[in-house]
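Okay, here's the structure, questions in a sec.
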Amino acid sequence: MTAPLLEVDGVSKRFGGFTALNRVTLHVKPGERFGLIGPNGSGKTTLINCISGALAPDGGRILFEGVDITTLAAHRRTRLGIVRTFQIPKPFSSMTVLENLHIPLEYAAHGRLHGATGREAAEILRVIGLEAKARLRPGGLTQIEMRKLELARALAARPKLLISDEAMAGLSSAEVDDILTILFRLNEEQITIIMIEHIMRAVMRFSERIVVLDAGERIAEGTPEEIVGNQAVEKAYLGE
Amino acid sequence: MPQAARTLAVGLAVVAAGVLIASLRVNPYLYFAGYVIFQYIVIATAWNILGGYAGYVNFGTPAFFALGAYTAVFLIQSIRAPLPVLILAGGLVSALLGLGIGYLTLRLRGVFFSIATLALSIVLQTMIINWEYVGGSRGLSVIRPSGPPFGSYVTFLFTVMVLLAVLAVTAARFIERSWIGRGLAALRDNEEAAECMGVPTLRLKLFATTISGFLLGVAGAPFPYYVTFVEPNSAFNLDYAVNALAMPMIGGTTSWVGPVIGAVLLGSAQQLATVTISSEMNLFIVGVVLVAFVVLAPEGILGLVRRLRGRGP
Amino acid sequence: MIAWDLLANAVIAGLLLGGFYAAVSLGVSVIFGLLDIANIAQPAFLILGSYAAYVMNSTFGFDPILTGLLFTPVFYLLGAAVYRVYYGSFERRGEESLRGLVFFFGLLFIIEVSLSLKFGVDYRLVQAGYIGKSIQFGGVGIAYRLLVPCLVGLAMTLALHLFLGRTFYGRAIMAVSQDRLALRLMGANPVQIKTVAFGIGIAAASLAGALLVTITPVIPSSDRDYIGRMFAITVLGGMGSIGGTLVAAVILGVIESLMATFYGPSWSLAVSFGILLIALAVRPAGLFGR
């Protein structure tokens, strides 16, 4: 039994009177492909924000490689190896695709003194399949290219844990497969991946283990097969 | 490093040219007007470090400028401190205020930040108006120290301002080309994404507001000796707020050259208009040029040049 | 017990001032609060309204507030035109935030300087039968020059409240800010709705300007006194709530009046900006809110 890479331990988050997360606990193992699902408003995004550091939880602890990171600033977590993508792509619009990658290479992967190396950025773009667009500004990219840029930029931060927040929403079936292929390949290179996704076909195919959130509570955990047959999950998705 | 050496050489050349011009003893009005233009180079460059590089629009330029000026007034009144001390102290006090508004960015983004800086300027002005020691609302006469190191006092101040402008532009150029500048550009484009890509956004913003505040205070510190009569309405003049953002906007905000171009063009045009038409008219021109540029040439003169080059053979 | 007298007078004056401040802030509540457009040129339109009333009053002897009403269609059209330029240059290209802000700042400056080119920097005031008169209640005097603007301000607040709640255009304006889907279901074009709302906001500012010149003489740079007040009231009032705007305006009016009475008038302006800073700082927003 290996020690977990990420431990979310009884994390709660409230917005005013609304409880977005209620004592959520989950563990992610090194190298795992982990699925996080739940209906809209179930607290997935809030949980991601707590893990990546955009929000501070009201209660509970978050540990990464055994170290308590609950109060660590978001950019410090990125340097430790927790990197996320955004549901709605947030590129650096004044920079070229290549320059977009220089930022995480310089700030997260190497430390600032080394500077960013263009070769490394080009290599990442090749893996993702964006090398032809390196000199373009993000404004000239298509939907799928934009998603790929999100992934490429996250990779440039040299993640140990990659959190993919609905990277496939709105994409065609072939495009979804395209992204899945990339994620599988990254996982083979020992990157642990948390996938948040509404496209069930993709999550079920990708994940080794899935946790289901509903109304801020963890309602189920298991392999894709177990989740598909779970009554509580069906209820959460279909309503009572 | 040859790069640094070249920068140093260019800087020294500009200062030397400034000293040379100061020693020519041509029409004294030229030094008087030249001082204002170089002062605007400092102001526009300082504004641009925060507004152009980091994307936080500061409407409170007069607050920082006047804080530098009034710190100088206080030190002249109390201990008759020498000019270098005034400049350093004015810069440091304004830098502190900059650090303060830096923490404001934790809660205030975009327009809310801008409105807050405007509010800050007026609160500070009210405090100065009610502070009799530095002249209150009536203002205060300041006597220049006798015997400047060379030339007349105005030519001396002119040279000092040239030196400060070189320092400010060098600092801006260094920031722009370093990892700091790249981080600021990232947070200007998208603050949340920048933070998640490892950019310490808060620290960079604090750096930008502090250095911007410092340079604005530095620009204001010699002001009492330049005008010899300081009163709140002139030190907190809204013209500084408009010029500070108009000059970079006209020149181009993404490079250190932009504010310099804008300050030289708009500054000289204003000096000319003040002499030949009226000071009100020159402000009118600034307003119209500013609006015309943001509507028609949002990338400023640098953007226009780039576009022309791109289409050329 | 003179202090009690002073206090009562200050509170009454503050309440009256509050009604007027509500009129001043209604336009910002619509344009900034509902449309989310940071029009910091708003106070310049206020002063433009003051000068319109002054010109008609000094040349033809028109009543300033009546003039203000007569001029609202002109300012409505002016506002609609400004919005069209803003939309075409910034909003449509998705560059509204910073450059749009600079655009309005430039506009503020142009209007202010134009006024000083035309009218100079002397204080301008208006004549009307009710200016200078007052009624007495015990020890408390109520000046008509404060009472009339206050009543007009309350009427404006009520009218805008009814307009937003009861008419098609009013509901569409509310929908622009809150509910895009409802807007589409209503079959309304958002740009057109925003044009109408912006025009109304500018017209409200001009009418408030007529009230301002009734209360006190104005100079072209008087606009700077109102930037902080307008935005403080709008932010405090809950960004676009008309009732909230009135409450915030009255609170600010009373606080300013008390400050002016007990500490001197030079502090009253700093109070509104100080309150604005506090209101901005405690404004509820997430870490990555606007």
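First chain written, first letter: the chains are A, B and C, and each begins at residue 1.
The working rule: a residue touches a chain if its C-beta (ideal position, glycine included) is under 8 Å from a C-beta of that chain, and two chains touch if they have at least 3 such contacts.
From a predicted model like this one, the values you see are computed outputs, not experimental measurements.
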Chain ID, smallest distance between chain and overall C-alpha centroids: B
Longest centre-to-centre distance from subunit B, chain (CA-based): A
Distance from subunit C to subunit B - Cα centre to Cα centre, in angstrom: 32
Intercentroid distance (Cα basis), subunit C paired with subunit A, Å: 46
Distance from the mean Cα position of subunit B to that of subunit A, given in whole angstrom: 43
Residues of subunit C engaged with two or more neighbouring chains: 288
Interface hub residues of subunit A, defined as touching at least two other chains: 54
Shared-contact residues (touching 2 or more other chains) in subunit B: 192
Residues of subunit C defined as touching subunit B within the complex: 38, 40, 85, 89, 95, 97-99, 101-103, 105-107, 109-110, 113-114, 116-117, 221, 224, 227-228, 231-232, 266-267, 269-270, 273-274, 276-277, 280-281, 283, 285, 288-290
Complex contact set, residues of subunit B against subunit C: 55, 57, 59, 104, 107-112, 114-116, 118-120, 122-123, 126-127, 129-130, 137, 191-192, 238, 241-242, 245-246, 249, 280-281, 283-284, 286-288, 290-291, 294-295, 298
Touching residues (chain side subunit A, partner subunit B) in the complex: 52-54, 73-75, 78-79, 83-84, 86, 90-95, 102-104, 106-109, 112, 115, 153, 156-157
List of subunit B residues in touch with subunit A within their complex: 179, 182-183, 185-186, 188-190, 192-202, 254
